[in-house]
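Think of it as A, B, C and D in the order they're written, each chain with its own count starting at 1.
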């Protein structure tokens, strides 16, 4: 049974990854670490996860004695740990942004200096449904996608592959768990309740990530991406407004999507636009595609759970691929 | 002191109009009617409005003995009442969509047969900030705008007037009060809570209204408009993604907006994108404009309270204009 | 593999019971019925449950060809169906109140005439942790407890058994799913949002059920029970204020609870008062007991998920007992 | 026109007091101070209050040049400022707990050493409806009541005065604004959303305040008081369970309350138990009284807005009394 550690288990993403691996039938969760809550039990911090392990201080000698690790650190802090783990032969899922952007200059423009640029070419983008499945299975470093890129790219991939995207605007809505566990003015209940507000309007770091993968799919466009913070916990919806490269019909679009996602266990296509409640606490993306005949625009809506398919259950999906398990094991719809 | 009646006071919009007029220093609210709650006191149905009047059955002989009336009926039901009131010399604010679209064919395409097409040319669109102020002051029938058009048009008017809109997508987010008082599967708490969902994706009736007024402002575009239902009560945000007709800078855009709205008492311009909490229970629209240099797009965000500036306090603003009172009377920011 | 049907699957409780049984490893869910949604797929009505079965019209000849049935009907409607199923040899979990009260006069006082009084003595109260485990295992009709009695009785049972309750007040707080799927003025989002309100103040039907079981446990008291409706979906907290029959200490109370619930897989005792988030979507009751030395009162807080331990997962727990499966099968913490 | 300053305007309570005084027709708000946000405009921090003043650092030489001050400091920090202001002839409303408890030993038991015990006998408890109206009018230091005591005492005062309280349990529910502006683990949206949790179970500081005033009203009882945190912003409900000193009827109770509160402009008596939405953003307390005949208990429910009647609008009500203005001026229902 492969042994797995979760480094950085005190945040929302790491804690959920730990919980999913703790109850996974084929992985053994052997250790969890934290930088802020050493010595505290995870089920004290997150009772609903019911993981009775104690968070330890990171000790590579001990914590690298595993087959795989999930690194749930902020960008910049993640890369050195990923390097160290890989040197010790540990296969890594990195939840941070450090290895998502393949172009160093782009990384440095959005995140500053890269702590380990030599590894950039090595990491595989961990979105199996985008065509990375085989490379993920063989990877030693998987860059787990951002939550917004996950929803946006799953929503737009069939159009991109078909050469149908001339231009696109992506308006995203997310619950507060996406902002993380830190108690700030922005995550205070009173600031969020009965409110909706755009953020990152000057440029959000998930935007170049979206554009990189759209280009890789055959749609070299510069999208506009704006997220909005909503009074809910988990859940993320992207509403994409696409200028099509040629005339299309709604029937053609739906056939395209049905064909493209025919064998995907975690994709649900719907006629009616999806809501995030429908995918709460699942690894599922629920997607609808529409044609606005008045304006000749294609509309795509994609709903995910930002902490699950957007982050932690997607990490487990990738681990399943890396260790030859059924892709849905432990995260069945 | 002008006497005013509110017809259809049992819905959210009519009830708020009644409450605002009841405490208005210069209007006398003489009667409220209802089709569903005759005999019930308004402060029994809506304690927080504290209007101690009884809702009566509509009796034109009695209820037309006023100087003005607010008609808060659904479309199709409103028009005949508006006609009857006007014939009796009553000046009317119609909260329905019956007289918003000036083109009969467009109305019939979206709403079906028109109950009183002869009045179409007569009604004035009740959005003072769009340049209708003088015509509203002289009008005997004011078509109070839809809530989404109010936010969208206030957000886009400076761009439209300046000839800067080549194309636009409008993504709207609204609280549940916009769906009205009817208890339905869609307004059930459990359906809305922890959810966000697009609706009206096949075409929303506020879309042609938006396009009509944009054209009148000088921007004859076909927009795509999609509203989303959010887990909050009152509040509406539009996020507009505009393809500019020529190159612009953010500084130029902000100067344009500042100049355009210089003397408007109910417009607040902000650098940071607004949230709907900031305008809760006010007649204010809070607007920010941004330039996305990567994609060369103009972004506009406008927040209003859908029941206030989006409906009922805007009706009072129009009544103030019609009777020569200070525009902010009774609805001071 | 025992075959099970769920009758009345279109309500919240029936739908969740169907979902839990559909993915249960040892039961086969063979049919689901509905009175209001015949012909509709359950995953169309409740996408998040992902049960791809069609709701049928009840046909006892077909639907009684099972080993067990969960009846999710309102009281009065349930009893005749329970009788008919039992006559056909089907073992029944009745989610309604029809067989919870063992005293006919009490039933009739709170619910009106009983449709099948002859079965009253026959049904077993389905709260395993109260000492009914063996009788449930042998039962052919199990009266699944009300959600409030479940939380209240689990919270108070150790005190009742120890003869420590002289008097008790139970203040309950519940999410809106407890009010059911019907769209009413009371379940409208706008009525619940930013609100908290007591209901059933004149006497709630769960009060005699609580008192019946407290008496059976050795505490023949007349409690006051008042529920409050909260702006959340699933979750229920009871706050019990007990006048102790004799002097006690907090340490003694905690030892009593620890001892009483030593072997219960679904009871979690905590030092800090529990929140309902901690038990969301689980069959767990989380309980804390405290001593208020100033007023010499015992305080008990118990949190459950009203749809899970309060209703549908408790039904599965009972079915597990009835068919000799591990009690936690399919509803593991 | 009396000049008023608000010291500590960056917290929720101080900011609202400033907003109410800024638009008050008879007070002039001359200055606002802050310990954490010096130099920031209040309408930047709280746009919805629309107070265009800058928060200054406290300078008694300047800020004591007023007729009255509202001190919105935490306990212990408030007392020295109150003393200094009083010495300079400024009449003070103190929002902290420093002068609410008249018994020094009780204060020290719950709050630690008192910074200015010599002033204890001097301050007047600022709940006009409890019979303090004349003393408030003449006071130079008013101890504004805690939010929970305000609701609890308004709910119980008629019973206490009538000698009807033998014992009482008070279960309170409050919105998150009561926890203040500090961003903490407890006020994080994700901690509160879809949750309800008791707090302060070991003893809440508002409990002795409640008991002090009940005794002063003629009911020397030791109550149990437990607050619960709810997923809403503003609003507070107390549910009081009273063991009556003698037999009573519901009709008698309602007559008692009607008589007791006959002339109170801010008290609303209702037959149906109140909800907090009904009093949102008002100085009103909405109260219902019931008799539980089964258990022979009296039930009282009282709803207030914790930031308004519970704190800041009550402060304005007291200022109106102190300066001889109509009690409802600027805070009209």
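As a working rule, a residue touches a chain if its C-beta (ideal position, glycine included) is under 8 Å from a C-beta of that chain, and two chains touch if they have at least 3 such contacts.
Note that this is a predicted model, so its numbers are computed, not measured.
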Label of the chain whose CA centroid is most distant from the centroid of subunit D: A
B-D or C-D, whichever has more C-beta pairs in contact: C-D
Intercentroid distance (Cα basis), subunit D paired with subunit A, Å: 46
Whole-Å gap separating subunit B and subunit D, where each centre is the average of the chain's CA atoms: 38
Where subunit C and subunit D are represented by their mean Cα positions, the distance between them in whole Å: 39
Where subunit C touches two or more other chains at once, by residue number: 191, 193-194, 231-233, 277, 280
Interfacial residue positions of subunit A with respect to subunit D in the complex: 12, 176-177, 181, 183-185, 187-194, 231-233
In the complex with subunit C, residue positions of subunit D that touch it: 169, 171, 173, 175, 191, 193-199, 201-203, 207, 222-224, 226, 228, 230-235, 237, 239, 241, 273-277, 280, 288, 290, 292, 294-295, 297, 299, 301
Subunit D to subunit B touching residues, read off their complex: 47-48, 50, 193-194, 268, 277-282, 286, 333
